[in-house]
Amino acid sequence: MVRVGIVIGSETDRAMIEPALTVLQDMGVDYELSIISGHRNPARAREYGMEAADRGIEVIIAAAGGAAHLPGILASWTTLPVIGVPLPATDLKGLDALLSIVQMPGGVPVACVGIGKSGAKNAALIAVQIVGAKHEEIRLTYCKYKLEMGEGLV
Amino acid sequence: MVRVGIVIGSETDRAMIEPALTVLQDMGVDYELSIISGHRNPARAREYGMEAADRGIEVIIAAAGGAAHLPGILASWTTLPVIGVPLPATDLKGLDALLSIVQMPGGVPVACVGIGKSGAKNAALIAVQIVGAKHEEIRLTYCKYKLEMGEGLV
Amino acid sequence: MVRVGIVIGSETDRAMIEPALTVLQDMGVDYELSIISGHRNPARAREYGMEAADRGIEVIIAAAGGAAHLPGILASWTTLPVIGVPLPATDLKGLDALLSIVQMPGGVPVACVGIGKSGAKNAALIAVQIVGAKHEEIRLTYCKYKLEMGEGLV
Amino acid sequence: MVRVGIVIGSETDRAMIEPALTVLQDMGVDYELSIISGHRNPARAREYGMEAADRGIEVIIAAAGGAAHLPGILASWTTLPVIGVPLPATDLKGLDALLSIVQMPGGVPVACVGIGKSGAKNAALIAVQIVGAKHEEIRLTYCKYKLEMGEGLV
Amino acid sequence: MVRVGIVIGSETDRAMIEPALTVLQDMGVDYELSIISGHRNPARAREYGMEAADRGIEVIIAAAGGAAHLPGILASWTTLPVIGVPLPATDLKGLDALLSIVQMPGGVPVACVGIGKSGAKNAALIAVQIVGAKHEEIRLTYCKYKLEMGEGLV
Amino acid sequence: MVRVGIVIGSETDRAMIEPALTVLQDMGVDYELSIISGHRNPARAREYGMEAADRGIEVIIAAAGGAAHLPGILASWTTLPVIGVPLPATDLKGLDALLSIVQMPGGVPVACVGIGKSGAKNAALIAVQIVGAKHEEIRLTYCKYKLEMGEGLV
Amino acid sequence: MVRVGIVIGSETDRAMIEPALTVLQDMGVDYELSIISGHRNPARAREYGMEAADRGIEVIIAAAGGAAHLPGILASWTTLPVIGVPLPATDLKGLDALLSIVQMPGGVPVACVGIGKSGAKNAALIAVQIVGAKHEEIRLTYCKYKLEMGEGLV
Amino acid sequence: MVRVGIVIGSETDRAMIEPALTVLQDMGVDYELSIISGHRNPARAREYGMEAADRGIEVIIAAAGGAAHLPGILASWTTLPVIGVPLPATDLKGLDALLSIVQMPGGVPVACVGIGKSGAKNAALIAVQIVGAKHEEIRLTYCKYKLEMGEGLV
């Protein structure tokens, strides 16, 4: 069952989000990857946000560069936790995306991670933590990962 | 007839947008001021964006601080020109809002002006220029303003 | 039962974190507030991180200014989700804290929110979302909040 | 009939402005491209600004890097709307150009877009919106573009 | 005889430029202070730049905030050395003005000093150095100032 | 006898720290290089910090990129001087690491040097100065280096 | 016997350096405070740097704002360790001083601490660590301070 | 006769300063190029600064990256005008050098130009303006250059 919905704004962002896919695969957490531009196709973003919880999605990861409104837009349409990944897609190297994602107004939270691939990896790990809050076996998988990391195994 | 739609995200942004209101009043361009949070009430923002052109609005001015997605969200829902005013509402003094507004992805334009009250004034002047593209008397009003400014009268 | 552990580095950060406390109180999510300097008393931070899950804490919120290592330090000692709130405690107005919190290395995630009080509020909301992943009544409380926000009631 | 005047400061900026040319060509809006350095040849910039409206130009797009005064200089000499495109021409990667263009003083507006090629594309789209305010067929072309973008066709 | 022409964009910048006036008075270098907005009244700025050398001006000091094009505009119209003083007139605290002044394109130099009053003082000292290149008694006055500064007298 | 303990967070940082190794070798100051991630393996970092002085280490050099908590974490566990080297490991080119290292809270000092290889070299030189405070022959080696540098020999 | 030489560029910087004085007094480390402008009186700065070691000074702390060359200038004239404290003396709030102090070229190290009073306190603590490398009783004083800090006593 | 003294800190900066050499050669202004590190060899920098005027030098151009103290150090030792060129020699791409050069304290001026090669070119042009203040034929050469630039010939 798909528990994590990953959304990127365009095909060109796929490489950046790869580390998130790897983490979820390795930890056995089902996910889906959608390409939805919050600005070019706001109706699709709205639909995605409004239906995600009903479809069983438990967490949304949204990655975007530049003005990077996608995580905030999805957060406005859903009650699910939204994790935003700022991408270094412009000449400002992700500083623009970082500020656009992290400085959300009080009331509509987005959980922001670091710029680029490290951030994508951590976004997936936060998603696993959140999914793990409900699903004990996933929580244990995360704990095992943490232990192995301490031992230098991952 | 209302030609310029001004949107702010909350009552607290009103003082910052005042210079825009003054310009429009002085130049005889009708406007309306709406308070719509793009994140707290995305349905209202969507409705505003989708209906604005049909209601006769010719230009939208949207001011916002922090992540400042409002102008971009409205731009995603309308074919009207959208002018974004970054507000210095956070500890980052509007740098966050500036980058969030100006770095829009190719395809969904927002015309960005400077941070704060000077920006608000200029947003109104751009709105007047755009409205003036269609309405000759408003174009002439703008030309007169420009002349008087050169003479130090305004 | 205490589900959210809030940690600040010193008494002077208390005012900044207030909005988080208000959110949790309003939503009926029990929390505790601890003052632990990750640098001055790393043993206490370690102890807190290692014991939090066993004590029933489900999410940790850590707020810090300047170098702002506290969220990352706690994240290194726990498998719980850690939400970091950058505080504008220095002349750099929180930009230092933001980068120190958000740019965590891949493998040890911290979920970062905006600088200062808005961020603190959103940190609490994310905590509620995460706690709500497990506790249905809290999830419903969050959904109700979201609905009321859309109606301008909160 | 030429409706959009595009100005760059030197031949080396041509590649950056290409996306604007493509948009205007695709939408059937006539334009001209001029190379005028506002600083090296201020007399030519003045002449361009003063005569643009009389020559039938309806909007000016000016792209520049570094100190990037060109859009502001043209705006000082014309009553036409001026759209400024900051270019990443220096070691500061366009941040200098962005601030130089967007922070215009109240009274002399420039509509700023994002840094580089995405900005150039959006500058053209804003130009089309403005020209479309007067010319219904161009407005419809823009609306069609917007619709197709929503459907992923452009 | 007036040797240094000081130009500010508006009356509100006068306090910031005061230290420059004091230096020139103390060193016995005649100056004039003009208020000319490069953007609001480009014709006046052009006239000033074109006539300055003929009027006997030997150096121009121009102070401006925000987009701060004034020094560059004057430099485009004159062969005299132009010293630019960035003013902290906006929410960006002079960083915008600094970049707008200092990042001039190759071929049209502006000598930039620090932001605000310290910069204004140093602009006057550079002006004295330049005037002193031609007028021996002024050069000696500067040397005396330098000596006294080393002795802590000024 | 090992007097300088150098710590990096991962194998990938080794090239950046090379100049420090060269300085210490050239000056005959024994060192050890350890790879310890402060976040992935906080227990190891704690152990290192707590035991370093007892093992005879006199100064610690810690290099890290991104959130760069390593120097601060080590400083929290030891009474030895800690020198932090910010590395340009992310899209923010070391600005993040710099602020994370240098903005330590009052009470827990880290001596920060420049970003990257120049910083690494200087970190080693500061380490030599500190070791030289106790060991006269090393102090003299540093003085000789300084003299030769003045003569352009090193 | 004076072991720590503290240098500030002007009387106005005294308040910022106070926390350093308090630390040294509390820990019983003798110091002297000198006011020497590296730029206004380079001969005095040179003399100070060249004589400091011979006068028994073991560490130099130099605090400065703006271009903040003082620590680097002293470092160029001495073989003693130099700790630089960036002060928030300009509109850039110490970011200028931070970069000017921390980005020293390879070969001439300055140990940089945080901006302002927290940095000043930590500069003194690093000085105590360095002096303590040679003087056992001072090293023990620092260890005691560290212990008490962990217990929340200081 | 050598009128312009150009100083760089190391051989590696030579390429960056080339455009300055070209300008001076083209305009027939004699110069000398010296390599002096202000930090590694402060005695040589002092000597250079103290003797430059007596040797007939009329203007000094100093280029440096990173902490970039060289222009300020030379300015402290001479009464000649000093023009500083910030070089993009570090990961911060010249922003560090820019702030270090431009934010000089009141009393010791440095005339700053843009980062890198464009700045180097403009430094030479300012030097020509200053030398031209005294030497009429050089002033005329500059005026001719300015004219030809306006005609697109240079």
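Going in written order, the chains are labelled A, B, C, D, E, F, G and H, and every chain counts its residues from 1.
The rule we apply is simple: a contact is a pair of C-beta atoms (placed from the backbone, for glycine too) under 8 Å apart; a residue touches a chain by one contact, two chains touch by 3 or more.
These figures come from a predicted structure and were not determined experimentally.
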Touch-network distance, chain E to chain F, counted in steps: 2
Interface numbering overlap (same over half, different under half) for chain B and chain E: different
Interface with more contacting C-beta pairs, comparing C-G to F-G: F-G
Centroid spacing, where centroids are CA-atom means, of chain A and chain E in whole angstrom: 51
Mean-CA-position distance for chain D and chain B (Å): 19
Between chain D and chain E, centroid-to-centroid distance (C-alpha), Å: 32
For chain G, residues contacting two or more additional chains: 40, 42, 66-67, 90, 92-93, 95, 102-105, 107-108, 114-115, 118, 149
Touching chain combinations (by label order): A-B, A-C, A-D, A-F, B-C, B-D, B-E, C-F, C-G, D-E, D-H, E-G, E-H, F-G, F-H, G-H
Residues on chain G engaged by chain E in the complex (per definition of touch): 40-43, 66-67, 90-93
Chain A contact footprint on chain B (complex, rising order): 9, 37-40, 42, 46, 66-69, 72-73, 75-77, 90, 92, 95-96, 99-105, 107-108
Residues of chain B touching chain E in the complex: 88, 93-95, 114-116, 118, 149-150, 152
Residues of chain B touching chain D in the complex: 19, 58, 79-81, 83, 98, 102-115, 117-119, 121-123, 125-126, 129-131, 133-134, 139, 142-143, 146, 149, 154
